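Before we start, here is the structure in question, set down as structure tokens.
Order of writing sets the labels: A, B and C. Residues in every chain begin at 1.
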Amino acid sequence: MFATFRQETAAGELARLRAAGPLVHLLTNEVVQEITANVLLAVGASPAMIVAEEEVEAFAALSGALLVNVGTLYPARLAAMRRAVAAANRAGVPWTLDPVAAGVLDYRTQACREFLHCGPAAIRGNASEILALAGNAGGGRGVDSTAGSTAAVEAAERLARATGAVVAVTGETDFITDGRTTWATPWGDPLMTRVVGTGCALSALVAAFTAGAPDRLGAVAAACAVAGLCGARAAAACRGPGSFKAAFLDALYALSPEELRGESV
Amino acid sequence: MFATFRQETAAGELARLRAAGPLVHLLTNEVVQEITANVLLAVGASPAMIVAEEEVEAFAALSGALLVNVGTLYPARLAAMRRAVAAANRAGVPWTLDPVAAGVLDYRTQACREFLHCGPAAIRGNASEILALAGNAGGGRGVDSTAGSTAAVEAAERLARATGAVVAVTGETDFITDGRTTWATPWGDPLMTRVVGTGCALSALVAAFTAGAPDRLGAVAAACAVAGLCGARAAAACRGPGSFKAAFLDALYALSPEELRGESV
Amino acid sequence: MFATFRQETAAGELARLRAAGPLVHLLTNEVVQEITANVLLAVGASPAMIVAEEEVEAFAALSGALLVNVGTLYPARLAAMRRAVAAANRAGVPWTLDPVAAGVLDYRTQACREFLHCGPAAIRGNASEILALAGNAGGGRGVDSTAGSTAAVEAAERLARATGAVVAVTGETDFITDGRTTWATPWGDPLMTRVVGTGCALSALVAAFTAGAPDRLGAVAAACAVAGLCGARAAAACRGPGSFKAAFLDALYALSPEELRGESV
């Protein structure tokens, strides 16, 4: 039903990211900061977590992209996010929203709805989160989705048209849409759901790929493809979720555009 | 002196946990959040760190169990913990206390004493911490115990009777007591003390096993047995504390109830 | 131009650290807490992250050394750092400053300048950070240096003389100086820059080695030598930045003074 995103295009996007090595400002949740930074370093970007209200405006404006992840939201962090988003918008820096557990808890759901009106370049969430933001009753259980990604494609397309963002709804298959064109990236492995931060780190990858991207839809789809392909490789090479993490980072570091072009996975 | 907890019982508890996949609300310290989440994901539970005062009441009530760990306590976190504990109690959700470094620093010691009066389902600490909470001079050096676990068994039994909690005092051998029956779990490896968060993650496992547990003493002892057995396996399979962590998570993921029943470790 | 620090001296310092097992109070950034604690545990020190204003004074005074790292600075953390530094000074506890991204953002740069007047025992930074603190235009891009370490040796020597601290400027080669004598430690591997927290963890190692050190210059140089040698070993033994981390911790745990003495790397 949806065309599979071409690895050829992902290869070009990865080559662009590696050449640019973008500085990525991460306002992410407290749990996943280390793996998120390591994913970006492995792929070739330069992550920095600058969190104080005193510093976020200056740093967002200096960065190639910004990530806002509401996983451990509280008032001081929310205030910093608002300032960072405003500064990013003033400076023309694309920013990505990860609406962790939107629809489950009111405080973060309201915050996410507010951010939807601030022009995100990209939104990356699971099916429950995207359904909730698009106005459906999304369900969700803690930070996990209770719906499959396929069930949220239409909601993702609607959300993309309403916000102007490229929306990625991730799950067994990821769907990436700008509201007109929708790509599928079918790679990945269920083991990824047993390692905290793989979804949050994917949102950071999405942010990194949007930095200076001429084709934002392709950039976001490339992030999903790269994460999924490396996740599948790591799952094949590891003995469980503990060894998966190291193998995933090693795969992100080793992946080359040439390999992406020639590979038939 | 104390009977060894039976792996047969641990097997039944693990099967119950895997079938339920409980949502566990973690208010833990800032240092160990990633390993704690990964331990719960590896064993089959669903962890979530929801920390804002605005969200903890709703989330604690939704969860199967709650963990309160005072390792990096500060006023906003303490306020969130108080709300979460009250909400858990109203909703009948069992909650576990990890009194990190109680007895060493006044602020957290007072907070732990306050929590002792709020009906914890379980308490997991090292000997120094349990001695301090039971009213003995506990000692302790930073976050480490200066006493062996055997020295704290009587204090643990007293603390269990005074609070109604199942108390686990962990060390070379772990002792788990409800104040009447006391089990010993002799598994584990000293290498675990060279990896940050193994104790804190065990407290999260304890919380996960208490979710919906008909036999709370058996549930807490099963958490200690599972962690100790997997720790021993990981220590045998690794080359040091770095590779231990991945091996420990892989072991938790691979461990089956059937294996626990047949195994003579 | 600069003499290479002798492994013989590093061996003596490592033996001293292992025998003492110092308690190290870490006020570090939120991103790197786990790897920092694990590096100290692997090498034989006892780390503790105590962050509340209510607790830092008592704990800094109990500790063998203190680390102040401004990577994720915000007002509450800065207030705790000020209290901890004052308490450490009152108790004669040496403290180390890691001026992450000083020169890039005003808020932290001002905080670092303030701390320079409080008698740090050691300062560990990259070239851009040291240049910025010494009054040069440092450059820097996010948390990364835009200058090589050699370019900052003179600034490091000036900073050491002005503050009384031993200053380590780290990069491809590390330089360690008290303003009169300057050692070079040429070990390490570029892969270390692809793993978040290797620099921050080195600052924690520096702090650990300063605890009770009769020869502070030798102690700081030993920290740099140990990290560099273990980094080189880990890089040789791993398949990428993911497996590097475990190999690095394993190498720190396995390294012996005897090996350091006999080894020709």
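The rule is simple: contacts are C-beta pairs under 8 Å (C-beta built on N, C-alpha and C of every residue); 3 or more make two chains touch, one makes a residue touch a chain.
Remember, predicted model here, so these are calculated numbers, not experimental data.
The two sequence copies chain A and chain C touch through a face in which the numbers common to both fall below half of the numbers used overall.
Relative orientation of chain A and chain B, expressed as the C-alpha superposition rotation angle, is 120° to the nearest 5.
Centre-to-centre separation of chain A and chain C, using mean CA positions: 33 Å.
Shared interface positions of chain B, defined as residues touching 2 or more other chains, are 30, 34, 245-246. Residue ranges on chain C touching chain A, taken from their complex, read 29-32, 34-35, 71-75, 101, 104-108, 141-144, 193-197, 238-243, 245-246.
Listing the residues of chain A that touch chain C in their complex gives 23, 30, 33-34, 37-38, 41-42, 46-55, 58-59, 62-63, 76, 245-251, 253-254.
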